[in-house]
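The first chain written gets the first letter, and so on, giving A, B, C and D; residue counts start at 1 in each chain.
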Amino acid sequence: MTATEQADVSYAEMMAIVLARSFVDGEFGAIGAASQIPYAALRLATLTRAPNICWLSGGSGGINPVVGELPASSSDYRNALTAEAIYSLEDVVDWETSSRLDFACLGGMQIDQYGNTNMARLTTPDGRFVRGPGTVGLVFMSTFKKVYLYTERHTTRTLVAKVDFISGAGHLSGGDSRFERLMRRATGPVLLVTPMAVFDFPPPERRARLVSVHPGHTVDEVLANMSFVPRMDGDVPVTPPPTDTELAVLREVVDPRGVLRRPR
Amino acid sequence: MALLVDAPKRKSKVIPLEQLREWVPSGSTVGIGGVHSQNAPMAAVREVIRAGTTGLTIIPTPSAGIAVDMLVGAGAVSTLHVSYVGLEFLGMAPNFKRAAEEGTIDIIEGDEAWIVYGMRAGAGDLPFMPMPPMYEGTDLPSVNPLLKRTLDPHTGREVYTIPPLKPDVCLIHAQVCDIYGNTVIRGLRRFEHVMAKASATVVVTAERVVDGPLGEDPRVVNIASPQVDAVIEVPYGAHPTASPGDYLLDEDHLRLYAERSRAGDFDGYRAEFIDKPQDHIAYLEAIGLRRLLELRHR
Amino acid sequence: MTATEQADVSYAEMMAIVLARSFVDGEFGAIGAASQIPYAALRLATLTRAPNICWLSGGSGGINPVVGELPASSSDYRNALTAEAIYSLEDVVDWETSSRLDFACLGGMQIDQYGNTNMARLTTPDGRFVRGPGTVGLVFMSTFKKVYLYTERHTTRTLVAKVDFISGAGHLSGGDSRFERLMRRATGPVLLVTPMAVFDFPPPERRARLVSVHPGHTVDEVLANMSFVPRMDGDVPVTPPPTDTELAVLREVVDPRGVLRRPR
Amino acid sequence: MALLVDAPKRKSKVIPLEQLREWVPSGSTVGIGGVHSQNAPMAAVREVIRAGTTGLTIIPTPSAGIAVDMLVGAGAVSTLHVSYVGLEFLGMAPNFKRAAEEGTIDIIEGDEAWIVYGMRAGAGDLPFMPMPPMYEGTDLPSVNPLLKRTLDPHTGREVYTIPPLKPDVCLIHAQVCDIYGNTVIRGLRRFEHVMAKASATVVVTAERVVDGPLGEDPRVVNIASPQVDAVIEVPYGAHPTASPGDYLLDEDHLRLYAERSRAGDFDGYRAEFIDKPQDHIAYLEAIGLRRLLELRHR
């Protein structure tokens, strides 16, 4: 890939590509509502390297939809029309509580160093109470076999040392604290993808570790825009840039209208 | 058949939209269907607001949006079960956010399991629904005292439970139903049938109400007639949300709603789009035929 | 109706007609599996006098089917094909436990003087253990708003003083005993229809009362073929014979093949 | 698309019937689909018997028939959850009745709620399912010690509970599915999807398995592919029960089965129709093409 093409890769495309590489073939997963990035990642992964993934497109009820572009909402009717099957909301919740879902892609208005998430309520540094939209499916972070966290806001407000309210259980206070309260089969967050970087949550501490920094960003920039210092093991590499195939499939098949390249 | 000419005929459940107020008195507990900006029963919501209804407890689907936000903005809501209330890719629900932050409504801090298993318990009138380890990892029990614990009689372990949710009335928007209430909802994962079972009464608003066979495979009828108490025909009744297969969501109008609400002018929006148009047709005229036709699926 | 026509009425037709007269318009009901008699009764009632009844045709999943004849099984596929809507088994059970179902038509291998039923297990007078097919939906006699009992076997073995095992709760030991254990909204058996007679369960005792004897049978015959003596209030009238309309609709529309007239 | 020619392809889940024995080892807990004499997975049942499987715990749908009776007759069953096991309008299930009366199988005395709510708890891996007042009026708790009580934390009242039912494998017959397991079952009230959710693995036998689009409205797909582990194509695989839309139940054969079983000659029936025909096609030959074609819907 040329430097020009590389510079042309939007953060949303980069995030979709990182997620697409992370998914394990044959697994069964779910995404939330306004989820263009994981939606694109799942389409990219199933088309290129993991054809046996099955995934649920949020409120539409559609499994494995094949819409010819990237809908603004995973509830878009075209997801239902092009799906293999329609599930009910009871199906989703059963699959969630029973840990049948191998993974989910989730975010939050706060995400902390142990991967706990908050979508419900917080208090700003100046003491103002802020209402979030609500916990919705984050409660099932307790039961999904694993969770890919992502956020489009790599900021000190979003990436915090400790969430004000645990909507979704990450590794709680780290170490084995999660497994003292929840079932072992649900292993918690495995990855956090932001517009600048990738983190994981390795044992024994299960605290966010900076795995790589996306092309065009620096470790200093990553650290300056978050409210905790992640673990770093030696030199932090650059996130491998998109391959030609990844970018071509993403742009020609998954997102031909370039939704992920628009200002967001 | 000559034999049956004098036999009594089955009754229609069709009512005019204006009668909805009798089904949703102030102080009642109301279930609301729809997912995000799809299939919200907006004509019904506007009618409830027009009637000056107050003191409602609202239990929406887990992914609620403008229907709930508008009721909150209009002061119709005293208590709200929150799983998610927002405008999805258009941001926070402004009236809900303000009311919650100012403390003018009571929030029952829930989540997807709260609504779905709560309605599931309501559907069978089960005393409660016990959960696998889940809430133990969250802060929800600290703010929701209705998440009570009991003993698993098989293991002796304490488990969290969700109480049954049982709306007095459930408002559901559908694409088509017959005059007896057999209802087809397109474009969503099925949940409205569970809400209907959990609710004492169910009112369906539909794009089309047919007096005769639905012409649909009976397997895709989401809600069967014995579950439905009243039926209201309201073309474009989900506007500005989408009615899958009929019209898309009206993104411009949703933005207009959000911006005016955020700017503190919900009352202006309400005057223009709810109170001034005295009925549903007048509302549609305020939106404009040109715009309505633009929203049809292409 | 002429005496000839009258004599021609089979017991199954008579039972269907008695049940059809008993149903309340606008109610929501259910029948079990091999249920030709209540199936015919519901078709007859909705066609002639109670068009707002909605009913569930057993395992077929069909609501208000309009098959042009009387299927041997309520699970017959034609019930699904001609239904207004298909319900799920979860729907039925929800409607059952929540007492949404106003009525059900049920039987049992034993039915006792308080309307308790047994389909599970019994011991014969000579001490032999007999296995029945199982309790299935009889458990919901606790929650149906009311129950129409029927049996095609008016015998001392079926109509017993006390069932060996309560699969379905009738009025238990009579009086208010049922309501000490179960919810008041579920009022228990209201009627028992047999090939010979009709019984009800009036308060305060809620013990079977002989209401009428079908044409062609006598009180003595009724009593000789059951293992308990029902309450009788003075002279027991004859069950009103089928009207011309009842018999015509039953034979021309509901059961044109005469299934209910065959030896059973 | 040239771009994707080298991309890996999605795997088929099709297996031959003979491999079923690997999915249903002796001693496993087996869920069985179908309602009365509709959609029983009979080819699968015959194969399980042919394999000499023993010690199964069977949890059928609430209205079970010949599939369960045949497994009991063949000595494959050690424990049976009973809601209803019978031949409906053809009378009692003879082998079940004999085994139960002679005490050669363990009976878990259940009912429709036991199976449905038990599977529902299994589907969500909920710890148990609490019931409204219901068992209190029956003798079921006196013979089923698994109907344990716990406290309703809202009322302090004791309530009966049903434990989660979780088969190791569920056998389901369908009309059509694709090679990935998306499954359409006709003619029944939906329940098999709940059983599938409750089961660790699911094997679907289907009249037709298509390698390509199902050609069905996705709303009528009863069981979605992620829920299905293996798929077996068996034309007339539900015989002698019905496959709705394909063929009627074979009343003559069901009567023959019942009469020979009642007469104590299940072994003769088994030799003729299960062991001697070494595979499913040989079984169909034993029934005869003329008979099979007579059973098609007219």
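Heads up, the rule we're going with is that a residue touches a chain if its C-beta (ideal position, glycine included) is under 8 Å from a C-beta of that chain, and two chains touch if they have at least 3 such contacts.
Since this is a predicted model, take the numbers as computed values, not measurements.
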Chains touching both subunit B and subunit C, listed by label: D
Subunit C-subunit D separation of Cα centroids, rounded to whole Å: 29
Geometric centre distance via CA averages, subunit C-subunit A, whole Å: 57
Averaged-CA centre spacing for the pair subunit D and subunit A, given as whole angstrom: 39
Subunit A, residues touching no fewer than two other chains: 80, 86-87, 91, 93, 97-98
Of all residues in subunit D, the ones touching two or more other chains: 117, 124-126, 131-132, 219
Pairs of chains, among all present, that meet the touch criterion: A-B, A-D, B-C, B-D, C-D
Subunit A-facing residues of subunit B, complex: 35-38, 61-63, 82-86, 88-89, 92-93, 96-97, 100-101, 109-114, 116-117, 120, 131-140, 143, 186-191, 194, 242, 244-245, 297
Interface residues, subunit C side, partner subunit B - complex: 25, 28, 47-52, 54, 62-64, 80-81, 83-87, 91, 93-95, 97-100, 245, 248-249, 252-253
Residues of subunit B touching subunit C in the complex: 1, 3-4, 7-11, 123-126, 178, 180, 182, 193, 197, 214, 218-219, 221, 223-226
Partner subunit D, residues of subunit C touching it in the complex: 33-34, 58-61, 72-73, 75, 77, 80, 86-93, 96-98, 119-121, 129-143, 165-169, 172, 178, 181-183
Complex interface listing, subunit D residues touching subunit B: 117, 124-132, 148-155, 157, 159, 161, 163, 217, 219-220
